[in-house]
Amino acid sequence: MAIKRGLFVGRFQPFHNGHLEVIKDILKETDELVIVIGSAQYSHRLDNPFTAGERITMIRNALDEAKIPVSRTWTIPVADVNVHMLWVAKIVGYSPKFSVVYGNEPLTRRLFMEAGFKVKPVTFHRRAEYSATEIRRRMLENKNWETLVPKNVATYIREIDGVKRLQDLAKTDKMEKQK
Amino acid sequence: MAIKRGLFVGRFQPFHNGHLEVIKDILKETDELVIVIGSAQYSHRLDNPFTAGERITMIRNALDEAKIPVSRTWTIPVADVNVHMLWVAKIVGYSPKFSVVYGNEPLTRRLFMEAGFKVKPVTFHRRAEYSATEIRRRMLENKNWETLVPKNVATYIREIDGVKRLQDLAKTDKMEKQK
Amino acid sequence: MAIKRGLFVGRFQPFHNGHLEVIKDILKETDELVIVIGSAQYSHRLDNPFTAGERITMIRNALDEAKIPVSRTWTIPVADVNVHMLWVAKIVGYSPKFSVVYGNEPLTRRLFMEAGFKVKPVTFHRRAEYSATEIRRRMLENKNWETLVPKNVATYIREIDGVKRLQDLAKTDKMEKQK
Amino acid sequence: MAIKRGLFVGRFQPFHNGHLEVIKDILKETDELVIVIGSAQYSHRLDNPFTAGERITMIRNALDEAKIPVSRTWTIPVADVNVHMLWVAKIVGYSPKFSVVYGNEPLTRRLFMEAGFKVKPVTFHRRAEYSATEIRRRMLENKNWETLVPKNVATYIREIDGVKRLQDLAKTDKMEKQK
Amino acid sequence: MAIKRGLFVGRFQPFHNGHLEVIKDILKETDELVIVIGSAQYSHRLDNPFTAGERITMIRNALDEAKIPVSRTWTIPVADVNVHMLWVAKIVGYSPKFSVVYGNEPLTRRLFMEAGFKVKPVTFHRRAEYSATEIRRRMLENKNWETLVPKNVATYIREIDGVKRLQDLAKTDKMEKQK
Amino acid sequence: MAIKRGLFVGRFQPFHNGHLEVIKDILKETDELVIVIGSAQYSHRLDNPFTAGERITMIRNALDEAKIPVSRTWTIPVADVNVHMLWVAKIVGYSPKFSVVYGNEPLTRRLFMEAGFKVKPVTFHRRAEYSATEIRRRMLENKNWETLVPKNVATYIREIDGVKRLQDLAKTDKMEKQK
């Protein structure tokens, strides 16, 4: 196959500027990129507030804004298997053929390397801020998070009232104790 | 349908006086109440010591003692789905039709509200004591817990040797390390 | 425990007069009866059209009509495990304590006997007609089925437009071929 | 939201000309279309020979060939839930927001209608031939199937040696008996 | 690794003389053999009557009788994944390292070949008789089946009253209709 | 049955000298021992780094080195059920018949006792060191761990580059935050 395809896995809770920079970088050296939305089954949790469908929408919105042709990407939601020995096989089964895996996440790197794939690191920009954990923290504390995500993603999160959802979920643990 | 039915979700590990008060309050404003036993699949865990069958028995015993007619209630065990986006659909599929959801638990409230249900808060009485967490703590420390649950529930827990089970389970984590 | 409890498993798709007769018979020789709704997870299938919640409602309606006190019964939905070696353990974990299993279904009988339970046969009345398979067949063919179920069950099935649902599902297999 | 989005569910085993016609028809009356790849978890079966990743590739190839902009579609693999009462909730959770469901498949139609969605029928062209069942039959019998699928899909199936896979799987049942 | 290990997958419902011959043949050309007990989760079904534990016992008994050292074999129960794309990864994760897969079963052959494994056929002896399907048929009809399995296996099946179990299960389908 | 069989459950992450001593002790008072590899589905995790297949290999290697005949043991991987009420039934279904359960782990003890099994404690030797937790800690810190496991196990872990895997996995949590 003449087309060179990379693969990048993330949870994108939410999709932010750091993700976008990485995608741009990878697309400089591959023809196409498979963007795997990991932990697709989760939503409405403190560390996974958005559904797979919402995250797919964020990514499409961000690609549009960045003028990246949708046709150069494949966005694929994949639910966890938990059984790590099966994970690479699942990604392979849900994705179009790819030849390089991009990422710094050690488990992903390790599993793909053990399976014989070529794995390349990526460069994250402004890590302390372009971080989903940091963004969720700011959402919870009503601090500025909009500048850390593409404009269209911020708009979409406001449309679906995402910050309120996260703040509601944050109350859970404490109330739980009353049960 | 002329009948007004409410729904209340709890884990009831164990069922205590606070739960009973809430049920009495709800039955003042609805004809019938669906009592969902959440996390039905769990038992023999520190935070979920009792089986679904044992919790169903506790609730029946408590309703009898409180002279609440069984015919005004529906007690339904529901195993977790973990995938939160599916949870409301599961509750709906396992329950007789209901029109109001009662509860303070933020995740439950959030999910039912997003699905378009009417959700009402409940008033917990003597929260610090009428709390399953507090009761399990007292059971572990051999302190007085019997006064926090309906008399018939206390009797039943003694019958099944429930405190001993919990205390046995409490030893787990430490022993695990030897493996 | 002084109370003698029996257990009876069915899918109740739908609950019919034959089921009701069996329940009446069992309640002549036990104090209470645990009615397990098997295959609780299924609905909207040709052989399992009704949800667990709908079947629970049918049973309650039928018991009321027959003047059987709800307090003498426990109705418990249990999803299949498929792994038969686990099934008895699951029923035990979801039910209040019981001492006799009633039923003619060979797998149920065999599994409970291998697990050391006392198992007793039941007498089905007018088998050819009081049969869920026959009732679903009549529903599909718009023939008289109402006389085979308790009056309240027939009313309820009409309320939820159950016959139409079944007829819609019957079209599935044929259309599927076009895909 | 100003954008009007439809949703269409299929298994696409394989994607054929009939699917393509339906997609073209729907895109005449909606802005965007969500194409759900159902039974995404299956592959290497007689009735589900291709992986989700292979089916995603077929669809992309077919859209390209038909000059349908990828940006007007969303292709989303969704594994079965089997528990039909949860299925609509799962599709909703994995998809961008949509307002109309297109399809003739009665179960899909029924479930979405019960959930309150607008459901519209589609027109299949040359049903007897543009049928995945028919195509798999021809593949098994080494008859002409290529003309029933978009040219790029035929090319791709040859590339991955798909016919040989199907023929190999067809031998399964008979050999199984030896075990 | 100097040791050459083969792998052979079967359901062994029950283990019979044909299985034994194949194992002897394979052990002529490999040092060790991994015997995977497939569909390990099933039991108490017409086509899968025996538990994994019972099948493990049959195999050990047969190896002993045939004077095959246990130390040259590894017997490993593996539950189905159903998702075929994950199956090879699961077998690899549950087995000691192996270099050749033996078998005629087309799905197994196909999946391991697609994953890059060397796959070799085996020779079944007296296929019509040395067949688990044939043996179960004879058990159901009270015909002679003992000569088709190793003597120790026949003894064990009698010990656990296996024929009676199978015959009981055979009544299931018919009785089911009464529900 | 004349043969006396014990059962011992562990995760064996990794198998160490303490496990070996316990097995030797049990084999002094039983004819055979069933060694259940618990949490068989896990691997590539900080607390469960090795696959079931790798752990099976470790145990075989250790038994060989200790001159314990493989024929006196049965090594059986069992995936977790999580639903504790089903766990004893699962172990029973996957194991050859056994009459005594050995172990100190309180949950295992409690569940088997509730199910009516005879449960006996074991004596762990040099607990602080012969501990899988301690061994994994030393692996992570590049300290001496080889003396805590049988020589053949140490050799095997080096062969599969196990320490590097564990160290790679240890980086996970920190990197995760960047996503």
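Letters A, B, C, D, E and F name the chains as they come in the text, with residue numbers starting at 1 for each one.
By our rule, a contact is a pair of C-beta atoms (placed from the backbone, for glycine too) under 8 Å apart; a residue touches a chain by one contact, two chains touch by 3 or more.
What you see is a predicted model; the values in this text were computed from it and never measured.
Novice: I want to compare two interfaces, B-D and C-D. Which one has more contacting C-beta pairs?
Specialist: The comparison resolves to C-D.
Novice: Fitting the CA atoms of subunit D to subunit E, what rotation angle results, rounded to the nearest 5 degrees?
Specialist: C-alpha superposition angle, subunit D on subunit E: 120 degrees.
Novice: Subunit A to subunit F: how many Å between their CA centres?
Specialist: Averaging C-alpha atoms per chain gives centres 36 Å apart.
Novice: Measure off the straight-line distance from the CA centroid of subunit A to the CA centroid of subunit E, and report it in whole Å.
Specialist: Roughly 43 Å separates the two chain centres.
Novice: Approximately how many whole Å separate the CA-defined centres of subunit E and subunit F?
Specialist: It comes to 26 Å between the two C-alpha centres.
Novice: So which stretches of subunit E touch two or more other chains?
Specialist: Where subunit E meets two or more other chains at a single residue, that happens at 43, 51, 83, 85, 92-93.
Novice: Please list, in label order, each pair of chains that touches.
Specialist: A-B, A-D, A-E, A-F, B-C, B-D, B-F, C-D, C-E, C-F, D-E, E-F
Novice: Hey, which residues of subunit E end up touching subunit C in the complex?
Specialist: 41-45, 51, 165, 168-172, 175-179
Novice: In their complex, what parts of subunit D are in touch with subunit C?
Specialist: The touching residues are 10-13, 18, 82-85, 104-107, 109-111, 114, 124, 127, 131-133.
Novice: Enumerate the contact residues on subunit A facing subunit D in the complex.
Specialist: The contact residues of subunit A facing subunit D are 1, 40, 43, 51-53, 56-57, 60, 64, 69-71, 74, 76-77, 79, 92-97, 159.
Novice: Can you tell me which positions in subunit A touch subunit E when the two form their complex?
Specialist: By the definition above, subunit A touches subunit E via 81, 83, 85-86, 88-90, 92-93.
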